[in-house]
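Contents: one structure, followed by commentary.
Chain naming follows the written order as A, B and C, and within any one chain the residues start at number 1.
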Amino acid sequence: MESKTPNSLLSDHGKSVIEPHPVKRILTIVSFLMISFSGYSLMAETLQVCTTCKIKTIKEGVKNARPYDTVLVDKGTYREYNIRIDKPLVLKGVNYPVIDGELKGEIITITSDDVTIDGLFIINVGSSYTVDYAAVRVIKSENFLIQNLVLEKLFFGIYLEKAKNGRIYHNNIIGDAEEEYNSGNGIQLWYSHNIEIDQNIITHVRDGIYLEFSDNCTITNNRSSENLRYGLHFMFSNNDLYSQNTFRNNGAGVAVMFSKGIKMHHNTFKHNWGTAAYGMLLKEINDSEIIGNTFQQNTVGINIEGSNRVTYSNNDFIGNGWAIKFRGACYTNLFKENNFLYNSFDLSYNSKLNDNKFEGNYWSEYTGYDLDKDGVGDIPFRPVKLFSYVVNRTPEAIILLRSLFIDIIDFSEKVSPVFTPDNLVDNIPKMKRIQHDRN
Amino acid sequence: MIEIKDIHKQFGKNRVLKGVNLEIKGNGIIAVLGPNGSGKTTIIKCILGMVLPNKGDILLEGKNISKDWKYRDRIDYLPQIANFPNNLSVQELIRMIKDLRRQPQADEHYLIDLFRLEPFLNKKLGNLSGGTKQKVNLLLTFMFDSPIIILDEPTSGLDPISLIRLKELIASEKKKGKSIIITSHIMSFVEEVADEIVFLLEGKIYFKGSISELKKKTDQPDFEHAIASILTHSYA
Amino acid sequence: MLKILKYSFYDLMRSRWSYVYFLFYLLLGIVLLFLNNNLSKAVITLMNVIIILVPLIGTIFGVMYYYNSKEFTELLLAQPINRSSIFLGQYLGVALSLAVSLIIGLGIPFVFYGIFRSDAIWDFSLLLITGSFLTLIFTALAFSIALCNENKIKGFGYAILTWLFMAVIYDGIFLLSLIMFEDYPLDTFSLIATMFNPIDLSRVLILLKLDISALLGYTGALFQKFFGTGFGVLISFLMLVLWVVIPAWFIRHKALRKDF
């Protein structure tokens, strides 16, 4: 409204950029030089959106575009919401145009296959107690690519609903969540399969990445930190892989629940302090593997509940309150060649039964010897201390940690186990820290 | 000079002093005598403020000494047992006591010569014999020029030559007009040096006066017998 | 008092035992750092040494020095010196020479290790500060006990018992009462019980820098609130100061009323 004059002045110039002359187009088609271009691109058009162009809004741009066109959005601020993309399209920002939803609702909703969204700065997503507004939502679509977005002041960030075969790449999601009940998640997947989530940075939302009923997804190289609840949250999602991610200082760490066939490789879980914080919470996880991860300075490294047949190998547990805390009903798990370094407690166990195996780990608390010099300690190591038992019963007793009296009772329990399972031993503890092969 | 008024002292159930009154005036040598446990050392320590009386006052040059400590620079004291920090050398100890008494001008060289302490000056006190330690002890006492000198068993462990030197020293200090208080078990030594005798018995002063007065009172020809007769009479 | 302090300090600084103590820390530091080559582990071992051995040595030295220098004390008592100066001076002389041995003995290997270029400098300083406090506290307790007991053997026995009580027995009773009353809210009780034992207090202060911060949250809001803020640390240090001041005041009180 306010800028009519400059608009009309520049409209000629704008037109020439957006719509090539029809004659030129025909020339292009017949030109042999251009044969190397694919037929697909020949059919596609590029529409330009800018505050001074003929097309001033993204909505208009999307409306005017034909399937497989590209809508280029110039730098500027676009106060829009409820942009519905219902045809295959590339929506690409040039120099990060800002889409300001003015807290009115959802901003971009994708309901078509083959949509690419690239290089936008989306702010002020509406929030509601009844509708989960997102910055970008994908509904029942395939083959999408969402990349290079910056999302701020959001409710939900990127929300996939029954979507398939898509990629979420290199986005930066910076929330300002303060309370769990009125904040949303950074990247949420719901009944979405074969999704690749790579190189995103997510902070200050409720859950960094949330997967529910989503199978065969790969989550790699993301950094999820300072989120209110979980850095990553899995529910009822099977056969997913997550690797090389870093989860730092999240309210409660990472939760993996009610899923099977999960591969967790080479992730870093750091600085998850707090009353109910852990590096990773496993609940009802079966037949999975946890390999090569680093758990450093968490209240609890891994909290395990009702998980069976999980292999833990080549992980580093460094300086955690508890490296591993068993909450019961865990059978046939194998802990092999992990490093347990300077944790206040390596293991906490709440029953006298043990069906889990500990083999060839390095325990920094191990004080045995190796007379035959084969790199394996000659006497077994008992990772469960009596004191960790006491603390389970009476948490306030933690204030006595590393007191001489506690050392004495721990020693006597070590010599003759009364309260801790007596088959819970590592019979072949390593003498030196294991150098993992990180490839 | 020193006025002791009705001093009572009790250690646990043991009443050591039961009302002692004593006035020591001007110069001269007073020997405090008495059987073991009669309270000789206790009186001396009361004067020095090391033992605090249960009752009574001690005045030094007219001033009450309780809760005061500065008056002690008017007193030179020779303790009964000479035991010093083992890691210090004699020289260092001398310097330290001078420093503590704030009398850096005090001259120890005459006394070092007198007791032939020169070869020991750089030796650690822990390595000295009992006799040498006592000489160091004497040196520290006579080094300062205070008007009152208190000697608790000064003769113990001394060789005959040093004993003679000690007597000379006491005589010369007396000439300077000082009050000297001595306790000793060696009766001949007391007889030789003391002008006046205070005899303590069961926490009280049994006798105060000159040796000749004592002999007269007990009707004994010599000093040692006079003392012995007090004891036998009192225990009878 | 400064003069007495100076002479006691010199006296002890020349004694064989000060060197043994100093060399012990030097050796410990070297072994921990250069044979182990892991700073976090070294700091944890050091913490155990500091909260157990430092009080023990302070206790033994305090009692020993008091009884051994008894005659010398009597010599001093006959000098024109204030009584409280004599005893507080001697006490500070012992305590400070021990603290200096500790700081220098441990400091040298850590300086060579490159502590100034490491993040652990604050953890390490905290270790030395609490170690010095514990030295001051237990030497003062030992002096107080020795002042109250003419009998050397008795005094020695009581002093060691005090150490044993603070270092081990107290925690045993503490733990038992926690377990017995586990149905009640215990965090206030635990906090107060910690404050009343300087060894526990030092241990918690050091652990705050090490691993307990990860675990404190686990036990409830009060702990976290207390130790998570500067306020709690301040109160803790204040308590340590009180633990020095009260026995020191007692030494003075006792010394002014004692016969020698």
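Some observations on this one:
The definition used in the following text is that a residue touches a chain if its C-beta (ideal position, glycine included) is under 8 Å from a C-beta of that chain, and two chains touch if they have at least 3 such contacts.
The model shown is predicted, which means the values in this text are computed figures rather than measured ones.
Of all the chains, the one whose CA centre sits at the greatest distance from that of chain C is A. Taking the mean of each chain's C-alpha atoms, the chain closest to the overall C-alpha centroid is C. The mean-CA centres of chain B and chain C are about 42 angstrom from one another, to the nearest whole unit.
Between chain A and chain C the centroid-to-centroid distance comes to 48 Å (mean Cα coordinates, whole Å). Centres computed as Cα averages put chain A at a distance of 90 Å from chain B. Partner chain C is touched in their complex by these residues of chain A: 273-275, 277, 297-299, 319-321, 342-344, 364, 390, 393-408. If you check the complex, the residues on chain C that touch chain A are 40-41, 44, 47-48, 51-52, 167-169, 171-172, 174-175, 178-179, 182, 186-187, 189-191, 194, 200, 203-204, 207, 211-221, 223-224.
Of all residues in chain C, those touching chain B in their complex are 3-4, 7, 11-12, 14-15, 69-72, 74-83, 257, 259-260. Contact residues on chain B toward chain C in their complex (touch as defined above): 9, 11, 45, 48-52, 69-73, 75, 77, 79, 81-88, 96-97, 99-102, 140.
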